[in-house]
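Here come two complexes built around chain A, the first alongside chain B, the second alongside chain C.
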Partner chain A sequence: MTTYADSLLVALLALDLYMVSTNRLGSCIRASALQGVLLSALPVLVSGIGPSSSFWDAMHLAAIVIGTLCVKGLLIPWVLFRAMRSRGETREFEPFVSLHLSQVINGVLCGGAFWIATGLSLPAANGHAMGLAVGLATLFIGLYMIINRHNSISQVLGFLVVESGVMVIAWALLRKPSFVIEVGALLDVLVAVMVLGVLATSLEATGSEGGVRKGDTSQ
Partner chain B sequence: MTALFVLTLAIPAVCAVVTWLVRSPRAVLGICVVGSAACAVGTVVCAREAFSAPLFAIGRQLMLDSLAAYHALLVVGVFVMSSVYACYYFAPAIADGSFDARKARRFGALWFLFLGSMLLTLASNNAGLMWVALEGTTITSALLVCLDRDKPAVRAAWTYLLMCSVAIALALIGIITLCAEAQRVGPDSSSIFLWTTLRKLAPRLNPGTVRLAFIFAFVGFGTKAGLAPMHSWLPEAHGHAPTPVSAVLSGVLLNCALYCLSRFLPVVAQSNPGWTTSVLVPFGILSMVVAAAFIVHEHDIKRLLAYHTVEHMGIIVLALGFGAFPAALFHTFNHSVCKMLTFFCGGALAQRYGTRDMSHMHGTLRREAVAGGGLLIGLFALIGMPPFSIFMSELWIAVVGIEGGHVAAVVAFFCAAGLVFIAAFRHAIEMTWPQKDAPEPNGPRGRVGLGLVAVPLALLFLIGVWMPLHVSNMLASAASVIGGQ
Partner chain C sequence: MIAQWVVHVLVLLLFPPLLLGVIGTTKAWFAGRKGPPLLQLYFDVWKLLHKEAVYSRTTTWIFRAGPIVSLASLLSAGLVLPLTSGSAPLSFGGDVIAFAYLLGLGRYFTMAAALDTGSSFEGMGASREAAFSALAEPALLVALAIVCVPASTVSFADAFAALPWSSWGAAHPEILIAVVVIFLVLLAENSRIPVDDPATHLELTMIHEVMVLDHSGPDFAFILYGSAVKIFLFSALLVHLIIPVSPDGGWLGILVVCAGGVAIAVAIGVVESGMARLRLVRVPQFLIGASVLGAIGIFVVLLRAGR
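Up next is the complex of A and B:
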């Protein structure tokens, strides 16, 4: 099981790096959807709930897996694709730091995350020290994406990556995550992304993006 | 009593649905007033019980102890007043048709969802549920900020939602780390998310892990509370939101974020005695200094008040750092009441003058006696002028700081507060002073009810000169929860 879990974590990290290195929004959204699908499989591998577990534990696991799959694998990508089409933008044109340099920076961030994760004496319940490292790396890369990009959709994708990182950390640290956290977080993320999608569309509708002008004196 | 507790939490959800079904903007605003008043009655009754012994519901997932009850009372108080003010604020927009039934329904539903998620944040014993509810407050309030859908408001809501959602995700790492550590030492893995369990296990937790958890929580909840240097969303969101929403955002939402942080304090203090001071005090001072620098140059009335919020959040965090918990809670109350008052008056003046720019507002006292007078005295109270209660709470915090040996911090506190005093005093006088060649204000009559100004002012004055025994008992009881007794 651990080998599968480790492969899954590596795949998650690879998707992070792919998202940082592409400027096509469609590919980014697809990568994020795939990440959601992989994330939904993670609990099956690491939660320690197997055939011998109680019925309710199994149901709990099934609800989380199906919920994550639907929300992160289907609903959120759909919302983002719709927002992207209504904005008529398919590429991130002007990241603050070029994509090549971004790759180098993210390599360093990953290294940093692994170094920090081995240094932290955290109680990794499931024996997945790698889960913590990948979670931290995903978190850092997500934060980097938000800072580096102008485009609203890219920033929402960055937020999703951050959130995935938090969930990986949760699965690495907790023996049995609370149903409230899992489902609540999923719902919150869904609603937040939907609202962000609507706001991104109305930002486009009300004119080009940019900072709020100083001296705006409407009521 | 448990049933009433759950019922009170359900009232906002029911009202949100009801407002969605109503067709008239005036009826929606009426429901806002009645619904929040009903919620307030329920909260007051529950809070009376909670101050003697904590109330639990749904298998200890929900809890109303004295700290939660104290904050809940503030929340419902500010909501009731702001709902009444919303009737005044939206009256011109209803008259000219820009606040139509659709917008009103959206406002009403979001208003109640916002209230409900805030009360749920306070009433959660489950740290995960608390986090979920706090994220709920961010989403609902971001939608309220961009109620008008004009570009600056949408941009402000965007920044607010993105920054706070990411920050709160970091706070979740803090919560997870703390619970994972509790899972290591605790026998029962199902209750490790409960604050009551975490407090019991606190002495056995690994100090290093708890510190790490607190840092994550501090960054997350600190961003939501608008502490510098994570405050950049705050002036935008407060400035562009409709004024009743600004009043609630500034008056109680930020308190909720600090409430979440103060749930961590007893756990951290037991495993790392005295350590939180070294985190909280510098950030408190920094927030005050940054806010003071911006207040000097700010010309937008609502952004000015927003920077005052940053300053006062800094003061509350400083008080928490000093260990002056009753003073911190007292200051929280004073700030909420005063900020609500100043936003009401500032919003009414902005409507009257058709601008938020203070350099275009002159002779406010003569043109709008209630709003102008309220803002003038409210600003004086806000910057800590005696005999109002903010002066008393700031003095209390400074005394505790000096007694605890934090002389340098107290000196910095006085310097920043002094700068704010001078800058805001100048703004207040310039607005009040009439100017001969100033154009007549052209906006609709920006009205604010006399009661909405008189009640908060009377409260600030009375509590400033005489603290009733009931209030000081409430403060002591709520503070004992943060102190871990």
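Up next is the complex of A and C:
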């Protein structure tokens, strides 16, 4: 993996930490959009497809980049913003674990992910432990976000982070457009279903209550 | 060598107050005001040095020692940190740790002097300073560790000599992390805006200004001058991470450190103009975030070293 990819991965991880440590949904959605944009640049840096590659490889790569950019960078954030506005919820009020402690826990999770990544001897990941480490860390942080938050929009955001982690790991291991990565798009479909779910409940609930645990928010 | 150290000491003594002037001018420019002159702090310090200090009868020698010890420890820290060249007049194994704790010693005496006045208001400021600096210290140490671990050293001169300069931004995300973390610590340690507002007086939320309310005359001059020195030390540290300064320094070294210091002062002014102060309960989160980011930098360093 090139050195530029390393910097990009660190930026992705920094965004994860930012999302965990803020309770403003708007900032969280923006960070997630930025993460989608950065993630769409990752294939360009790791796949080694450049001007000298064949036309179809280049088109394939371009399709993946533009698809990721449009879906994760624009479409999902836009829908989530709509959902947020229609519900009138702009903050995650009471995460189960305080934001301070969450930051520390996520630092530990990152440490664990980096430790596992150096310990795993995957032949395909040879020399690309960074991608594997950041991917695992992102995955863990996403799962943590899902279990720590009540608000359904934050949970969808957590799932988006999980999905980013899966994409990073896939690209770190495979480094070329392949069937497995495209199957990963099914996760996007799952995100779409969840977003629709959020929208549907927000239509139904008329803004008085939302989230999975009933009666815990603005009543 | 002697000439180099003379230059080091002269820059350390004379340059810092200009930085606060640059911050003030930047903020004034953003607010569309004229602002105080660039050299205002020099005038203030000169004026205060000619005044008489007033001491309350409840205070002891600690109150009088506070400003002197804190300025002395900051200047000693300035002798340990390389400024105009890649090495400092006092360079020894472990000077990185000495630097961090000389800053800590100065802070301790500021807090002790504040408590010595017996005013509950100043005690509150001291308690906040203690709480926040306890969180800022790990962030600073972790950021310094990012710089030191690849070279397996605890000396500034060796660590800076071992820094990789070629295309550092892209190739070395850990250095970028160290720069960001040190900038965040700079804002916290120097009581700049997202953490504390240096312009407020007599407000319940302030931290640093409240601790020095009882100092007057030359003591207050030492405190003002010391705060400028502290900003200069942090900005010099940042400049050394961002731009290489060759070990023999020379005129180019002086130029890089001074111009870099001014650039960082402008950056601080921009941050202060563009941001509101964080609520007091959010400050620990800001500092813990900096520490965690620094920890990730260490993980990256270790991963790349294959350990």
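One rule holds for everything that comes next: the second predicted complex is superposed on the first by the 175 of 219 C-alpha atoms of A that agree within 3 Å, B and C clash if a C-alpha of one lies under 4 Å from a C-alpha of the other, contacts with A are read in each partner's own complex, and residues count from 1 in each chain.
Here is the rule we use: a residue touches a chain if its C-beta (ideal position, glycine included) is under 8 Å from a C-beta of that chain, and two chains touch if they have at least 3 such contacts.
No experiment lies behind these values; they were computed from the predicted model shown.
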Partner chain in contact with A:155 - chain B first, chain C second, else both or neither: first
Where does A:190 make contact in the superposed view: on chain B (first), on chain C (second), on both, or on neither? neither
Considering only the touch criterion stated at the top, classify A:176 as touching first (chain B), second (chain C), both, or neither. first
Which partner chains sit in contact with A:69 here, chain B, chain C, both or neither? Use first/second/both/neither. neither
Go through the superposed model and pick first if A:117 touches only chain B, second if only chain C, both, or neither. second
Is A:44 touching the first partner chain B, the second partner chain C, both, or neither of them? neither
Counting only touches as set out at the top, which of chain B and chain C does A:163 meet: first, second, both, neither? first
Tell me which of chain B and chain C touches more residues of chain A. B
A:99 contacts which: chain B (first), chain C (second), both, neither? second
So the chain A residues that chain B and chain C both touch are none
Residue set of chain A touching chain C in the complex reads 3-4, 6-7, 9-11, 13-14, 17-18, 21, 99-100, 103-104, 106-107, 110-111, 114, 117-118, 129-130, 133
Using the touch rule from the top, collect the residues of chain A that touch chain B in their complex. 120-123, 125, 139, 142-143, 146, 152, 155-156, 159, 162-163, 166, 169-170, 173-176, 178, 180-181, 184-185, 187-188, 191-192, 195-196, 199-200, 202-203, 206-207, 209, 211-213, 215-219
With touch defined as at the start, can you tell me which chain B residues reach chain A in the complex? 61, 126, 128-129, 131-132, 135-136, 138-139, 142-143, 146, 149-152, 154-158, 161-162, 165-166, 169-170, 172-173, 176-177, 179-181, 183-184, 189-190, 193, 206, 208-209, 212, 236, 240, 300, 347, 350-351, 354-357, 360, 443
Of all residues in chain C, which touch chain A in the complex? 167, 169-174, 176-177, 284-285, 288-289, 291-293, 295-296, 299-300, 302-304, 306-307
